[in-house]
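Two complexes follow with chain A in common, the first pairing it with chain B and the second with chain C.
Presenting the complex of A and B:
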């Protein structure tokens, strides 16, 4: 059964998740994160990322129990159809909503910074055409896209701190070791954990992985790489702008990139770096949407995901345009319930794992009794 | 609203052509068309009630009290 699917190697998995993990934090959550944790941001990143990694770990444990089957097929055997379908619907909605959320953030960014006066729907629809194409082509295409842009993105992201090295206020760096606001660090970690925990959707992609034993290893390395990239950009941002200004800037990373004055011909480097950055966002949106479509396809027991892919893409575009009234509502939502929503949906596989574990234990003991 | 209907009409035609080319079963046709119609209606509803109701309001209504209760404790409620 396993051979008919296209396979994803652990290297591809590592590359995709490395890109996937740092994009949102660097692009859109940097201000919020620094606002909460101030100089202790690196501690909250560490705690949040490894705390968040527990969600994919439990997903992995659940998926490993039936490595060749898709979760949407066997889920109902664990908790029963009556509970399984509502939970799966929540998960589909959550991934669709996450995709729409990232798309909305990206669209606001593009319209505000590069394409003023362009209607929102135009930006969204052009981006959605790319996403629909990637999603319709399947999981292998998304992972190959990630593989293709991985090195370019890494070089791009690591060049930024090198270019701004001269501007840093190095005297401020001691504050990273002696300024800790634990309450702020706690809320920062909570925010980071929700983003890292979203990797729990590996449960749905598990039969696609070629070397399943190495899944967690790839995810841990991806977490370490993404932490390195985030810190290498976040720390210079704080050292240049200070925590107060960083938390009040809408796009601190963009300001950091604009700070680069590498030479006359590199004066306007920002569109180049931002285009690299947007590619990672495209991969993230495609992956979320693909997972939502995959769960839906398996729940309906359809042969392949293609007939539903365009419908779901249009739905995602619609949700992204109509989910909030203004950009300010989007920021408000992030602090009022969205993080909890993500964490609740990430925790659903844990429920399945616990039920499955109890059932297998009970099954074993009743078997033993029957034998005796 | 008319544009949404037009997009969905194109989509329905496209999916119908795809399913026909691949010789899919009647069950697949039913599921795909029902899903397209369901999403069409949801989109129209979202668009029509966009001033009174957004998905963000629903998430905030359900999960914000939960967040305050679990994560922040009594402190933030005060």
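Presenting the complex of A and C:
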């Protein structure tokens, strides 16, 4: 009776990745993205997202070759233990670091905007309790978490542009069609591709998926949905603040939300909307951490990931608190190396795919020779 | 005393004479097993063939008038010419002109007697006859107290399992409606019945419930809650994982949805499994009102669940951390009322909420005659004196009162209790981290609800896992003509259609026309 609830369905996959993809871009990367691409940001998003989608596509092709086995179990059969374990260690660190990075961004945001007197560690700790509980509960819980809040979050995110419609400087909109700085668009696409390419970790979760043939379909739809949500929020932001101000604001989406006035009842709605938004961040952090723990569990040939969940959450919290001193350092870290590091990690499955393909071709030809 | 009935002697166990040697052995064994039972009656008599006989029963549990009128008359009117024939016609041919009797070994006699059966013992016979002549005083079928409706039926379960079963059987006139009976409780031997409709209820569920119930080893079962806690998958969860109801129509509806009911003798509450959060937020009245009203009231209920859980926390968070959210005029009013209060908003809310919980508990426990007085004192102290004395603010009184009213809207009492209980940790989080704390509290609660299952069914079905077709009875209360498919039916072998598919019904109509 329980088995049918243990698998991740294509709908769950679509819903989780829709939330996963727009959340960081809208929350924290909007300024950097607009700073690079200016009015051509939508082109950057299109190129970057579909370019980034190639990484999960190669992961998918690799995973499809052994659909019932976990990559961490069979990876060493492809490239050998000596290369496999260092590469896997890089991936574990990458996902752990990504989780810690988003956590740090979230913590800085909360402390700066809403809880100026609350210590950083307290904010991180309470949030990490939620993350540890979700990660301990397993992959199904994380995906179902996303499923439950999907419609609520979508409605929340789509209501924001509706409410600020009256404030838009519509004359500026023509610039989206005639102002293209291709160098900036290229840099923007590079940034977006690194974020969309992170979906390549489906490789590690593949045996959990119930209808594996539909995986790429779900990811493509999730990409389309997230692009729609990002553009529906990003374009009004630029039309209100202009590209220069948007790129210099730390949290442009927050400023956009603050344009909403809900009449006399509540002066502004930003804490409520941010509470909804927080759930998407929570899902993203939990998923990154879960993947890191899963790889570690399989690498050590452990049966259950649960014993590692609390330890790894504490490790993530530690990295998050100690990785940089200030928010400015965090921005510098993102601009210098983090994107490249992500792209390299995302490309690791391609190496496995190529080696596996060559080995299977060689294996086939040697078999044919032997037969002949 | 009629001569043809033969010689009779008897009375209470203590007064019984031991002058009947051949039956003495059997009776002394029975008396030994049932020693110190002052309500035990051993009625000894001699048959027409001078065989020593005895009727053994518990005075309060059996219909003594019927014993006289039916059992004794039947024994003495039996058409037999010899003692052997008399014995054979009772035990072998079962010719006693009385319904519902069984031949049992004498060893099973004591348990039958304490269950309220009448035992006939005959000399030199290792078998006995068991008559079913119950006489248990109980209350009559009454109106539901905790689940009242305006338009729905007004019958509620009582303490008798058989009467409760008849109330359901009356509504489900189908041979597919099955009942299984078992006894649970070493001392209470409580009758427990499992009810389901074959073809609608998943066999795995039936087997699971059967296994759980058969594994219960307990001295006594005095209410359905004794079994409820055994059926919980997550015993530490504050949320109820089994539904209980006192309405036979609710149980019938649940059985038609392919769920399973458990009747426990002695309890007016019937258990229903599996259950989801959204089922617990449905009221019987939703289905008797027009669907527009049903849907509207259901939305109000959902809204007030959140208000009941979060309103004090929001108040604490907004006044403490996010005053910029409140319009300036309202902020001035709230600040003015809080000016004289010496406590932070969190402490103030705690004082009020705990006082309110105490008042509510007191109102339930105290006798009705002084209940009014306590209500007045509570209202005066909390409503007026506390504000005037500057201990709490008027705004907080409004918040707490509103939260109190909201918590009564939840139809299932245990779910209401869970929400009342969970309000406190979320208030603490709101007091420490503001809205961020509330969001974290809700995320934790949400993960817990996602992990929770009732008999294997996820608690948040149909929202997650997402079942679009079941939203028609969750998000809204769809009209009956629209609810053609049974909810939560994934097993292909089960009949999932409540109303025939359109094609099928059209085909049926065409066939009828041809026949005409």
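Observations
We take it that the second predicted complex is superposed on the first by the 365 of 372 C-alpha atoms of A that agree within 3 Å, B and C clash if a C-alpha of one lies under 4 Å from a C-alpha of the other, contacts with A are read in each partner's own complex, and residues count from 1 in each chain.
FYI, a residue touches a chain if its C-beta (ideal position, glycine included) is under 8 Å from a C-beta of that chain, and two chains touch if they have at least 3 such contacts.
Predicted model only: the values in this text are computed from it and were never measured.
After superposition on chain A, the partners chain B and chain C are seen to fit next to each other with no clash. In the superposition on chain A, contact is made by A:134 with chain C only, not with chain B. Within the superposed three-chain model, A:284 lies out of touch with both chain B and chain C [touch as defined at top]. In the superposition on chain A, contact of A:333 is made with chain B only, not with chain C.
Taking Cα centres throughout, chain A sits at the apex of an angle toward chain B and chain C that amounts to 90 degrees, reported as a multiple of 10. When chain B and chain C are set side by side, the one touching more residues of chain A is C. Of the two partner chains, chain B is the only one touched by A:315; chain C is not. Contacts of A:341 after superposition: chain B is touched, whereas chain C is not reached. Contacts of A:84 after superposition on the shared chain: neither chain B nor chain C is touched.
In the superposed model, A:302 lies in contact with chain B only, and not with chain C.
Residue contacts after overlaying the shared chain place A:38 against neither chain B nor chain C. Least inter-chain distance for chain B and chain C in the combined superposition, rounded to the nearest angstrom, is 17, based on C-alpha atoms.
Put simply, chain A touches chain C in their complex at residues 1-2, 4-5, 9, 11-12, 15, 110, 114-115, 118, 122-123, 126-127, 129-130, 133-134, 137, 141, 144-145, 147-149, 264-269, 271-272, 274-275, 278-279, 282. On the chain C side of its complex with chain A, the touching residues are 202, 204-205, 208, 317, 321-322, 324-328, 429, 432-440, 442-444, 446-448, 450-451, 453, 456, 458, 460, 463-466, 490. Only residues 4, 7-8, 11, 14-15, 18-19, 24, 28, 31-32, 35-36, 39, 42-43, 46-47, 50-51, 54-56, 59-64, 66-67, 70-71 of chain B touch chain A when the two sit together in their complex.
For chain A in complex with chain B, the residues that touch the partner chain are 97, 187, 190, 296, 300, 302-303, 306-308, 310-312, 314-315, 318-319, 322-325, 329-330, 332-333, 336-341, 344.
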